[in-house]
Structure formats: C-alpha cells, structure tokens
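The structure's right below; bear with me while I get my questions together.
To keep things simple, chains are lettered A, B, C and D as they appear, and every chain counts its residues starting from 1.
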Amino acid sequence: MVDLSVKIGDLSLRNPVMTASGTFGYGTEFEDFVNFSRMGGIIVKGTTIRHREGNAYPRLAEVNGGMLNAVGLQNKGVDYFIEHIYPTVKNYDTNVIVNVSGATLEDYVACTEKINDLDKIPAIELNISCPNVKQGGMAFGTSCTAAAEVVRAVRKAYDKTLIVKLSPNVTDIAEIARAVEAEGADSVSLINTLMGMAINAETRKPVLSTITGGMSGPCVKPIALRMVWQVAKAVNIPVVGLGGIMNATDAIEFFLAGASAIEIGTANFIDPSVTMKVVDGIEDYLRRHKLESLNQIIGQLEV
Amino acid sequence: MVDLSVKIGDLSLRNPVMTASGTFGYGTEFEDFVNFSRMGGIIVKGTTIRHREGNAYPRLAEVNGGMLNAVGLQNKGVDYFIEHIYPTVKNYDTNVIVNVSGATLEDYVACTEKINDLDKIPAIELNISCPNVKQGGMAFGTSCTAAAEVVRAVRKAYDKTLIVKLSPNVTDIAEIARAVEAEGADSVSLINTLMGMAINAETRKPVLSTITGGMSGPCVKPIALRMVWQVAKAVNIPVVGLGGIMNATDAIEFFLAGASAIEIGTANFIDPSVTMKVVDGIEDYLRRHKLESLNQIIGQLEV
Amino acid sequence: MAKKFQLDGKVVANEWVTASYFKMTLSFQTLPEILPGQFAELRIDQTPSVFLRRPISIHDVRPETNQVDLLIQKVGDGTAWLAERKAGDVVNLVFPLGNGFTTAVSNQKPVLLVGGGVGIAPLLHLGRFLAQNGTKVQFLLGFRKKADILPLNAYQAVGDVLITTEDGSEGEKGFVTNHSVWNDADFARIYSCGPTPMMKAVVAVARQKNIDCEVSLENKMACGVGACLCCVTQTHEGHKCVCTDGPVFNSNELPW
Amino acid sequence: MAKKFQLDGKVVANEWVTASYFKMTLSFQTLPEILPGQFAELRIDQTPSVFLRRPISIHDVRPETNQVDLLIQKVGDGTAWLAERKAGDVVNLVFPLGNGFTTAVSNQKPVLLVGGGVGIAPLLHLGRFLAQNGTKVQFLLGFRKKADILPLNAYQAVGDVLITTEDGSEGEKGFVTNHSVWNDADFARIYSCGPTPMMKAVVAVARQKNIDCEVSLENKMACGVGACLCCVTQTHEGHKCVCTDGPVFNSNELPW
C-alpha cells in the first residue's frame, strides 16, 4: 500500500493532486469525469469581494503547447459563492479551497473574512498573481513589499491554511516566496500564468481583447519546474507546484523538484479525467520504484 | 519591388533577418544551406575576453516546443576570434555582428575594445543576459543599475552600433530597456533564453549538467512577443525581436509588435535554410498585403 | 443537464463532400442521448500546432447503430488532422455538450431552419427531430455559389429545402434574408446557425416579424464544460458561456 | 569538409528486423558521397513531444540506386514516428554529417569492427568500404541474447562475423571484450560503435594490445553542424563537438 497523503500546513490531502483555480470551475462541471473522493482537493475559481464581468471576448489564444487566457477573474462575487455554490461544494468528499483574488488590500481582506466563516473550506489560495486584470493582484505579486503587505493583512483575517499563489513574471521568485513565508503563509503555490501575447499576422490585430494574457500548458513546464526548484530551496513551508502538468511523469518531476503537492490546470481541458490518471500514475511510479510514501521523493532530485 | 531594408542605429540591413548568437556558429557551419548575401546579418557566437570551456555535458534538453541549453559561453576568446575567425567572416557579404559576453565590467570593456578595432564588424550585441554561467552577465541584465553601468562603460569603448541583448527573466523588461537606452544603446534585442529546468523522472536527476538552462523555441514565442511589444512602446531606439521564430508568419508578428528586425535562433537547428524561407515569406506577405516597405508594418499592430 | 461522456469513436467513414467540407461517421460502443444543437469536443493528436480540443456540432445521429455524423469544414491544422482520419482510426470525443435547441414547439405552423456554411450541420439533426415529432420543417440554406452547395438529400428527406446563392447560380439570388420565403413568413419558430453576420440578419428579420428565434453561436473554446470561461458571449444578463449556457441562445437574450 | 545537403528521401521500404529495430530504406533524386561513419539528422513531423531532428547513422549506401539504409532502434517518440513511415512517405534529412572513420588502413592485417546494439549500424557501411579496398574485415558484434541478434547476412557478405551474447545463447558467452578473438589479437585497427561502457572496454583492450582504435560516439544533439555546441565530449584538447569533430574519435583523443 502506497501512502500518497501529504500535509500543507494544517490541511491534510489524501493525495497530492489538486485542480488549479479557473480550470475546474466549482468541480460540478467535471463530476461526470472524475471521482472527487480520489482527489486531494479542488481549488475553485478566483473569487472576489464583488461580482466581476471579466474581460471582453476573445479571451483565448492557442499557442504552441498551450494557450493564453484573458478571462479577467469573471465571477459572481463572494456572497454569491457563499449563498449558491458553497451549499453544494461543502458536501464534496475532498478539500474545497477558495482562490481569493482582489484589487486592493481591503478587498482581499474582506473576501477572506467571509471565506473564513465557512466551516468546510479548510484553506484559501491567495491569488497575488493574476496577470489579466489591471488590478488583479499581479502588482502585489511582483514586489516583495507589496506581497508581504497583503499576506500580513490576510493572515490576520484568516485562521486556516493560507496558500499564496505566486507570479512567475518576476526576476526572483524565491525572494517573493521568502517574503510571504515571513508573513505567515502556510504554503506557496506556483506558477500562475506567464504573461504572453498572440498576434494574428493577417488581420494585424492581437488575438486577445486585452492584447496580452496568461500563458499555461506544457510550454511553461520547464519554467515552472525551475521556479519550484528555486522556491523549495529558499523556504521551509511546503510548495504546491503547477504549470503544464499533463500526466503523472510531469507530476513526479515537480515532486522531485520540491513540490509537496501539485495542481492540474490546463490539462483538464484536454482530458477531463486527467486527475484520475495522474493519481493512478503517481501510485504506479512509487510502486515501481519500490517506495512506500510520496514523501520519499519530495525534493529528492539527485544533483 | 518590396523594400525590406531597415536601419538599426548606423547599421544598414538589406533585410531584417539575422541569426541569433550561438545558433549559427560563425556562419561557415551553414554555408551549404544559405546564401549570406540574402541575409540581414549574422550574429556570431558569444565571445569573451578569454577562452571558455563552457559547461559539462549534457548541455541539451528537449522540451515541449523547444529546448533548454546549458552551453555556458564556450568559445576560444576574442583573440582567437580576431586571429582565426575574423579573416574569414570579414569577407561575408552580410553584416557580421559579434555577441560580446563577459563576467565583469572590465571583461566586457576589454573584449569590446578589441572588437572595436575590427573594420568589418559594424556592430556588437552586448549579452547581459546569459542564464547559463555563474557570471554570464544575467546579473547585469536583471537590474537597471547594473545594466546601465555595463552599457555606460561599453558605450565609451565602442564607436559603432551597440545592440544590448536583454534577459526575459525579469519583472519589468521595459524598465531595463529604458535604462540601457539612457546610456546610449543604439538598439535592444530580446529575448534571450528563459531560465528553465528539465528532470528525468526515472533517474531522478536533472537532464542538464547545470540543473537549469536557457529555454528557446516556439514555446517561448508568446512571452517574447509580449516583451517586444512592451519594450517597443517604452523606448525610442529600434528593437530587434527574437524568441521562437520558426517562419515568416512568426516574423511578421514580431514586426507588428514593434520589432524593426528579427533574429532566428533555434529554428536553424530544425531547418538549416530557414532564414532564406523567412526572407522570402516576409516579401510575399508584404506583396500580398500590397505594401511597399517593411517599415509599413513595424509597430503597426491595430489595438 | 444530461450526463457527459469521454468516449473513443471509431471512424466508419470519412469523406470529402465538397472541396473544403468532409463528413465523418463515427461509431461508438454505446451512444448517449444527444439533443439537437449539442456538440462534441474532439481531441486532435499528432499535431504540434494544435493543443486544444475542437468543438464540432453533431450533424446527425443514428441511435440504432450507435453512429454519429459530423459535417466538418477544414479550416486549420486541427480540422486537417480530422480530415485525414481513415476508416478504423479512433477519435476521442467529450460529449454531448451544450444546451441544444428548444424542441418543444407548436405544430400549428412550420418552423424555419436557416443555415449558412458549416452552420447547416446541426440543422439536420434538429430538423429530423422536429419532423419526427410532427412539425413541418423548412430549411433555408445560404451558399456563396453553386459549387459550394453541400449535399442536400438528407435535408430534403426531412423537409423542404430552399436555397440562396450570393451569385444566383442556384436557388434565389442573394443572402438568406433576401429569400422570398420571408414575404409572408409565418413560422412557429426560427432556428439559425451560421456566420454571425448572417444570424444577426436573421434575428433582425425575425424580430421585425415577431417570430421567436434561436441562434447557435460558435466561439473559440477551451474546456467545453463551462469551467474556463473563455468562450463567453455578451448577453443581457452579462457574459455567458457558449459551451454550457449555449451554444443556443434565444435572440432575446442577446444584445444583437 | 564535404558539402552537406538538406534532402527529402522517399521511403522505399521500412520493416521491423527485431522487436525494437527497424530498417528504413530511403531513395533520393541524387545522393551525395557518404563516408563510412557519417550520419544524418532526420526531421520528425507530427509529433508534439519531438522538437529536434534525430541523428541516425548511415547503415548502408547504394550509390547505383541513390539509396540509403538506416538501421534504427525505436527508443522514443521520434524513432516511433520514423518506424511508422510507410513506402512512399517522405522524410527530410540533413546529411552527410560528421567526420567518419579513418578508412586509410594497412592491408597487411585484418581490421576488427566491434559493435553493440544500434552501434552495429555504421559498421556495415564501414566494413563494406574497407573490404572493397582489399582489407580483411572481421566483425565482433555483441548482443544480450539470441533473440536480440540483428540480421547478419549483409555483414557476413562483407567479412567474418563473430558473436557474443551475454547469456551465451548464441556465439561466445559474455561481453564483446570476453571473446576469444582477443587472445592473439593482431589488427591493423579496431573500430567500435555501441554503448559507451562497451566502447570504453574495447578501448582498454586495444590500448593494452597497442592497437590503434577509433570509436564513434552518440551524444544528444541539436544542430548537427557544429554551431550549437550542445553535443560536446571531453577530449584531451577540451570540449569537442561530436557532430563535427566526431562522431568518430581516436581513442587517444579521449580521456577514457
């Protein structure tokens, strides 16, 4: 029997496979394809204090080995979530984690306070790295001072596990990770999307309504792995790795680089049951390598 | 007749297609596949003041839509270049530009001074962005102060066209571009490789001897386009665009984003005559769109 | 919402019907119920330039043989890969997706199904369904020129087929909205699928004549299940997902 | 250095010769001269996981028909794509690349060509070339077990073929360096291509017996023309490119 369980702060995951915010809706969208009770957790859509309409269409560009999105945090606001979504997702047999986004410090705190009152939400992922809205938090995520400031404020408002989602669009992600660790973050997750751009040469126009957007998919995996490696060496809190994970082999690479858990994002669009296959594949890998526990490979890259 | 000529500072290019440093050797390696007199320029290997053995093998990892390299500026030093390479390349019917790399300010200046004396080298590309060696200049390329400092020193030592090659591994590339423009750079070229990492899950080892390496290929194109767009809006000097250009359509996208010329790098490995096809394709595009000159599309993205 | 499946379909036949359209017949071990207007997300393999699935509407369904027909226009590398599939090959589908057309309709009057380009594909399944429920179905299909006209026998077996061509080389000349059928139009509902400008014109006519009208939209799509929020369209109630709130919208929902 | 070409080769035949090795025959409009030990960089299409060309050694050359044989081991997605090519398909090659073996050799003594695994591929072309120039050629080929032995008739037509298998199921038991041919070895030169541990063992024996020895290396490669400097190997004169300074090195150049 292979032990896949991991702990992220006080949060216990039955296995290290979670879904990335914005790629798995509220879970219901995928219930025909997966078994929630075989997932480590579901990180639901970026949630803000108020309703957001998001950006104009087109919000999607296909690129080599991935995509750009410019959704812009479309969501109905935290009150709608509490009233209409929470009553359903609180019954899921998995950890439901809310991705909290904001434009100002006050918004982050207000949204967090409301989520803090929800018994069945054991953790939040604080999104200080959305590249797709003018004030989507990326400004918070690209400076140590600002990142520290928002984490400090949110930490005061939140009692449970606080995961901070980091932006890869920075010179030194390890420095940001250390700054948020110092303010009491229980974990960091990385990477959010890389800021990219797509152009239609024939029409001479940008493909996205917002000109630039967030890149995800297997094309970003080498950057994500490098950053997880850098951050895992720099901090003492657990790291949640994501960025282009398409299969169990990719997941293993993130564990070796130092991730204690992973999030699967864009791959859900290609194979809606990919999370189940990744869980199976991780188990197979450990068995094949005669290991008893996932913990035996976390950070165990041989260098 | 379509006019493909462009100017980068005092440097006249018959067409905007150059080859990226480190991907085209000294040109001779590709002479069976291309016609130098149909190229805008050749940017030869990263050259340092002294001989460098480079990093240990393995130096290469294949990734989704591209590759990582960890060559580490292997070259025989500027004196060897002057004595053994220059006598051949000075006769090429195209612009031969030397990529100058270094570990210290003094090395950059010393190497530049020697290149400055070579009549048939009309420009240098100052590499402040190599991610693959401990002191490969990336430290210079990731801070405005350091970038300004090295450009100021090199500018004093160099009379001809000075192109500064920027690192994409930064929070705000436009800021770095403005800093080097202020010190007298005639142009900026971007992007150098993105720092990435590859892991072999089965052996649990990094694929590269250096653990991390520089990512190139079509997987980086959206990031390169975004950065060219940001930099072209931020500076008044011409921008040379590179990053994943595989064909003429890609090249057109860079021109629309604001590049005055482009460099083709990794694509040379897949198709050694790709430069010729890109030149033809740009000409076809302009003709098809009833344009007379390349200048009519530079920076002409309709937003 | 009906249960969604991820299933491998075996290619039974795959043939060009015009220079740029092909019809792919897939057979499945078991076939879920598919409502008219629903679509599938097809996995594209072995194509470095294609990462995402491709949404393709369901053209026809034969539950008795567990077969589905897809009428596909070759527009890029993804559909080119689909066009190259041969009998015996396997294609992976996520389906049925989307809401589908409203099939509850009065039988007192005929319905008009207006299509253009690849948008005629889902109208066959819809027309067949409605006709089987006793509704009189008229198709109004617009093409650029005679050579572009897609095979119509299946449509003709279901209802009347009216044609317009922009150059008048077949049927009435002009766009679908120029057709004489509109002169004394009296339909229980109009259903439309095709290029957005065409559908907008149809909506304008329907509105003028006070006829209920549904249109099926086609936006660039990633997940197909309402999770990624990429395929949104602007409605009177804000952004809605074409993949799950649509692809079919009542014209009254849209700011057209 | 001889002129290099980028040419489309048409697949004439492509067949499995063992469970994991296949032989691909390509024909060209015109064929450049290819020296024994040179290789080609093959373009892999339609494979999202493969970006770079794949270096493949030249197994045999028939200038009279402009045909080239490649003996390829299926190891990943790139070689899997090559294995699936059918007669009539086209594969793009950049070749001939690399230095090749030294073919000037005394005819007073025989030469020994020592291969293992896919490393036996270039030895056929080399052996044929040397034999045609009057040199007596002996092949010493190592396999894991009888079932892994590749077709040997072409080799046998060129010279003696000695076999070792690790389990003794064919030929002599053990590694190539355990073979009895070494007992009173007296060769004009030893040529070797195969797994690095095998070649290192061969070099050790050759050195001990004071016989000149050339080995053909296989490193991960990008450009194939000496530009990217990715495929370097450590030599007594520093890093050298396997693609252009090699793939063949005299054992005296290497710190083995």
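Quick note on the criterion: contacts are C-beta pairs under 8 Å (C-beta built on N, C-alpha and C of every residue); 3 or more make two chains touch, one makes a residue touch a chain.
Quick caveat: nothing in here was measured; it's all calculated off a predicted structure.
Colleague: What chain lies farthest away from subunit D once each centre is taken as the mean of the Cα atoms?
Modeller: Ranked by distance of C-alpha centres from subunit D, the top chain is C.
Colleague: Compute the distance, rounded to whole Å, between the mean C-alpha positions of subunit A and subunit C.
Modeller: 36
Colleague: Rounded to a whole Å, what is the gap between the Cα centroids of subunit B and subunit C?
Modeller: Centre-to-centre distance between subunit B and subunit C: 48 Å.
Colleague: As a quick test, compute the distance in whole Å between the mean CA positions of subunit C and subunit D.
Modeller: 56
Colleague: In subunit A, which residues are in touch with two or more of the other chains?
Modeller: As it turns out, subunit A has residues touching two or more other chains at 63-66.
Colleague: Hey, what residues on subunit C touch two or more of the other chains?
Modeller: Touching at least two other chains: 48.
Colleague: Report the topology of the inter-chain touch graph, choosing from line, ring, star, complete and other.
Modeller: ring
Colleague: Every pair of chains that touch: which are they?
Modeller: Final set of chain pairs in contact is A-B, A-C, B-D, C-D.
Colleague: Which part of subunit A faces subunit C closely enough to touch in the complex?
Modeller: Per the stated touch rule, the residues are 22-25, 29-30, 32-33, 53-54, 56-60, 62-67, 69, 71, 74, 217, 266, 268-273.
Colleague: In the complex of these two chains, what residues of subunit A are touching subunit B?
Modeller: My answer: residues 61, 63-66, 68, 142-143, 169-172, 194-199, 201, 203-206, 211-212, 215, 218-223, 225-226, 229, 244, 249, 252-253, 256-257, 285, 297, 300-303.
Colleague: Any idea which subunit C residues touch subunit D in the complex?
Modeller: 46-48
Colleague: How about subunit C: which of its residues touch subunit A in the complex?
Modeller: 3-6, 43, 48-53, 94, 219-234, 238-239, 244
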